[in-house]
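Chains here go by letter, A, B, C, D, E, F, G and H, matching the order in which they are written, and residues are numbered from 1 within each.
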Amino acid sequence: MPMNVTVNGDPRSFASGLNVRELLEALGLRPQQVVVEHNREILDRARYESTPVVEGDSLELVHFVGGG
Amino acid sequence: MQTPPELGADAPLEIAGRQFRSRLIVGTGKYRSNDDMVRAIEASGAEMVTVAVRRVDLDRTKEEGILHHLDPEHIFLLPNTAGCYTAEDAVRYARLGRAAGLSDWVKLEVIGDQRTLLPDVFATLEAARILVAEGFRVLAYTNEDVVTALRLEDAGCSAVMPLASPIGSGLGLVNPYFIREIKTRLQCPVIVDAGVGTASDACVTMEQGVDGILMNTALAEAGDPVRMAHAMRLGVEAGRLAFLAGRMPRREVAVPSSPTAGMLA
Amino acid sequence: MQTPPELGADAPLEIAGRQFRSRLIVGTGKYRSNDDMVRAIEASGAEMVTVAVRRVDLDRTKEEGILHHLDPEHIFLLPNTAGCYTAEDAVRYARLGRAAGLSDWVKLEVIGDQRTLLPDVFATLEAARILVAEGFRVLAYTNEDVVTALRLEDAGCSAVMPLASPIGSGLGLVNPYFIREIKTRLQCPVIVDAGVGTASDACVTMEQGVDGILMNTALAEAGDPVRMAHAMRLGVEAGRLAFLAGRMPRREVAVPSSPTAGMLA
Amino acid sequence: MQTPPELGADAPLEIAGRQFRSRLIVGTGKYRSNDDMVRAIEASGAEMVTVAVRRVDLDRTKEEGILHHLDPEHIFLLPNTAGCYTAEDAVRYARLGRAAGLSDWVKLEVIGDQRTLLPDVFATLEAARILVAEGFRVLAYTNEDVVTALRLEDAGCSAVMPLASPIGSGLGLVNPYFIREIKTRLQCPVIVDAGVGTASDACVTMEQGVDGILMNTALAEAGDPVRMAHAMRLGVEAGRLAFLAGRMPRREVAVPSSPTAGMLA
Amino acid sequence: MQTPPELGADAPLEIAGRQFRSRLIVGTGKYRSNDDMVRAIEASGAEMVTVAVRRVDLDRTKEEGILHHLDPEHIFLLPNTAGCYTAEDAVRYARLGRAAGLSDWVKLEVIGDQRTLLPDVFATLEAARILVAEGFRVLAYTNEDVVTALRLEDAGCSAVMPLASPIGSGLGLVNPYFIREIKTRLQCPVIVDAGVGTASDACVTMEQGVDGILMNTALAEAGDPVRMAHAMRLGVEAGRLAFLAGRMPRREVAVPSSPTAGMLA
Amino acid sequence: MPMNVTVNGDPRSFASGLNVRELLEALGLRPQQVVVEHNREILDRARYESTPVVEGDSLELVHFVGGG
Amino acid sequence: MPMNVTVNGDPRSFASGLNVRELLEALGLRPQQVVVEHNREILDRARYESTPVVEGDSLELVHFVGGG
Amino acid sequence: MPMNVTVNGDPRSFASGLNVRELLEALGLRPQQVVVEHNREILDRARYESTPVVEGDSLELVHFVGGG
């Protein structure tokens, strides 16, 4: 039974019980590629594995792009 | 072109304890291609480049990240807070940038007006205080106001970055008096940020005695970004050397370059 | 600083069939010492220097001749007619210069006013015609008037040398419109002569598209002539490359350098 | 606005023995309508206007002659030789202008280049000598070269008219140094002719100390020629008075306007 | 000089519901004599002058008060807070000025730096909010930053007064872009305060579209303050009219003022 | 028996029992000529008569002077 | 029998025997309105009457127009 | 018996019968060091030996010096 999560502003649904590392994988992202803000809190990479994603969570996945 | 050692003999630019041989810092935005960007950065001789913090695009190719093109081992990446209009947002972006694990440096930018992209000096000062307290090395973008510049230095900024003219305008150094005043009055490095349009703008800016220049559009939008990057590298060095050498006086009366004695009868 | 080959890739400056890699020509007058002069010329990278024709001083040391300090094998000497106020005098000095046996080149200078050292365009044109008829390669110093410049080209001058501002004034490029117009309209090389005061003056002058610059006082009277000579060398190259690269457009509205998309909610 | 007498107290402009209270001379070309022209001239306060000599159009209405709109009894008409490219042509047009029987004055203009409309100083000097010998009062349009200006004065010109920038360009006073030099060196009146684009251009030009200004396009092509004519009248007078008053010194350090003493504890 | 009515037809300057025909406001400090001051003010046509609040000198003559020389019935006195370096001090001086019983207007000035006399925009904004809340009509001196200018307008200031260049410097309008931007973006009157040195500075400043100019040193330190005051009056009006009229376009190619048709064969 | 008062930063002594109007007179100043700050409080002219000056008071007497 | 004359660059034909004043009239011009160059010689107004126009003559008729 | 010659504007006297090369030597100058203008005529170096200097001659001896 799926759960609804907001990722980078868009509603997405995932299988329940995922942790952040698994969610990134599900999105095809490698952990070291991104910085994760989980419900407005920056999440240390070391905690991706141990941090569950639950219904209604909001995540921002950011990285560096060209800018001046 | 070989620079005779005794000529290149200029103290390196030092910011927050880190030394740079190049006094030119470049942005990584708006290039026609990533290849243009990489080659322009190389031609510029820059040792530090700015990058922005943005959402990963979950639907497009994964290749867009800047780290696919620039190696942090070889060039120092300076995350900026471009696009932020409040102190709170700027602090949030700064923290995200630091969380990437490269450094605790940030180019602080809090915009106060969308049309001119001029800084909100009130929010910039507020954010600077918060970030310095959190241990960030803050390089703060600001306007040409020496009073604000002094406050930013007092707040603990590692460098103050007044504009030459608005971001992306290419209008060059509009107010040399105020930029010179800022350099004269501050102890910390003064890096002119934004507005430089061509090599002579960079040269005349360095001749004011500032410690360095940050630019982006002048390279990205040049007809040939790589060649312009090389021009900027030379222009910055030329201006720095001219400042160190000390220019001749200006005078409105001419003075001959050849002897007036020894003329034939 | 090594210039990547593809960047340095700029056609050499060609005057009267002779090629020069450097677009900077320097004078040899007014240095505090001959050692300053020699080292400044070296730092400037110039391949051609101007010299004046004067009486030998029969009472002083014989060491004063410039040939005791510069080797014509290594650097091309361009005799000038500085100090001449009539076509007749200028022709006389040009012939004496040629009789020294180095070349048939001459930097023609006929002064019309002692206070400004502005050229007498009437006498300059007259002398140019005589000297060209005698087989001289004439590089003619003139003012920023495109009409006169065109006449000098028609008279067969090998290069036309408009001023940026009066000799020894250091006021820089006062009238970029007219200099640009002269460059656009003439076929022969246009070398800006006189008035450049510091590296940014040289840089902005080259950005107008001219073929080269001749300067003297800006080096001789700089606090550190050798360092300023190096600054000028870089400034000239920077301006040349910026001209070739093509600058970004000027605009009075700002344009962000970082993406406006991808901001956090 | 009433000018207190002692303030207006400035010697009148005197050219060839004729006195003018107004230091603004205007052209009569390119107005959208003759009514615009007449009202603009009135608003400008000009006492002298330039006119061109052209063929009568045998097929069109007979109303086109300028004399149908301006009364030589009330405003002094100065025929020009605009459009002439040789001394011979200029002399021919000057004679035709004089044959109209209004005066023996002529604004001498010999163009050397169609793109910039810069004068041919060689032909201008030649024509000036011929016309002065024929008893003309010659007001000669020239470039900013002081040497040529001195020659024109020596040739007997009644006024020398250097340009601020090219005819119809509106670029304003590009080379204040040379204009100031010309004014300092000549005895005869110096009227700046061509290039002024707006009131501040007229004002800053008069602040150089010149005797007057001649303009046409700045009025004819203004959004509201009549209002701009009035602006120019005030701008010329403002610049003249500022020159006579003597400006404060420029300084890069601020000086308070209010007392520093008497502050509260 | 009579101004034809339809030409003077410019809406009066309105600040806080009060109308002024003159767009020139002058200071009363630093004149060589009170007589110079009174006559200069008269010649300037100003309807409003600034005054400072200072201790009565208990030991010197009682004649020093400005009210012995200026009649508030005939000229509007605007008390300033010059010399204040904190919001608290500025508020204190503003209250003292209001207690004199002339009006509730104040020219707010909070200095942030003694060398440049640049405003402390942080303290200025704070003081503005307090004074507006107390019912003052606040005319706020500020720098050329449009973001700060917008905040001052939002705070309820009756007019915003950006500088042309530092107080007493006479450097003129250094940054026309920013001044134009401020005028474009604000609803309230924009009066340029400080830096104007001569009539052409006033003229070009008004041509940016601003509502008025405040000056002091340019008059007090002129060789002839009365004549310069008259020049400034004309310069301000000239610039205003030129702005309203709309200037011709600038172009780098010349355009003849006389017909090219109808030339003789 | 005199009292000591600070006027415009300088210590001065006056006869006891003066009010502000009288103090101004003693200094040769006309009330309408100056603005009075009495112990850091601006004093309305209407209250000069009724406001006593006492030992240790501090007064600032200000007016308008030329300024820009 | 007509004669051919060049006026302001254009060939025109007039009745023979005209003098300059008459030619101007024929063209609808008042003498004081124009300046006449007759075969490259400026013609004084006083001589319009006495100056005949003959076959092949060239005349320039000029006046003042707006110019800068 | 000496002869008077003007050299670089100054009157000088030399033993009679000198040629240009000898005169230069007498002045301590090496021929290749200077350019000689003899009575307003530039003298080719090849002719120094064969060109006599006589009473009243005027010579200009020039070389290159620093100049702009």
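Definition applied: a residue touches a chain if its C-beta (ideal position, glycine included) is under 8 Å from a C-beta of that chain, and two chains touch if they have at least 3 such contacts.
In this text the structure is predicted, and so the values were computed from the model without any measurement.
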Practice item. Note down the smallest number of touching-chain steps it takes to go from chain B to chain F. Key: 2
Check your understanding: Which of these pairs, D-G, C-H or E-G, matches B-H in more than half of the residue pairs in contact?
Key -> E-G
Exercise for review: Name the chain pair with more contacting C-beta pairs, choosing from E-G and D-G.
Suggested key: D-G
Point to revise | Most remote chain, CA-based centroid, reference being chain B | key: G
Practice item. With chain centres taken as the means of their Cα atoms, state the distance from chain B to chain E in Å. Key: 35
Review point. How many angstrom between the C-alpha centroids of chain H and chain G?
Key: 72
Review point. What positions in chain E touch 2 or more of the other chains?
Key: 27, 29-30, 52, 54-55, 80, 82, 115-116, 118, 166-167, 171, 177, 216-217, 220, 252, 256-259, 262, 264
Point to revise | Where chain A touches two or more other chains, by residue | key: 9, 37, 60, 62, 65-68
Practice item. Within their complex, state which residues of chain E touch chain B. Key: 112-113, 115-116, 118-122, 125, 143, 145-148, 150-151, 165-166, 171, 174-175, 177-178, 181, 185
Point to revise | Of all residues in chain E, those that touch chain D in their complex | key: 1-4, 7-8, 27, 29-30, 42-43, 45, 52, 54-55, 57, 80, 82-83, 89, 92-93, 115-118, 166-171, 197-200, 202-204, 207, 216-218, 220-228, 230-235, 237-242, 244-264
Point to revise | Complex contacts: residues of chain G adjacent to chain E | key: 9, 37, 60, 62, 65-68
Practice item. Show which residues of chain B lie in contact with chain H when the two form their complex. Key: 256-259, 262, 264-265
**Study point:** chain E-facing residues of chain F, complex
**Key:** 7-10, 27-29, 33-35, 37, 42, 44-45, 60-68
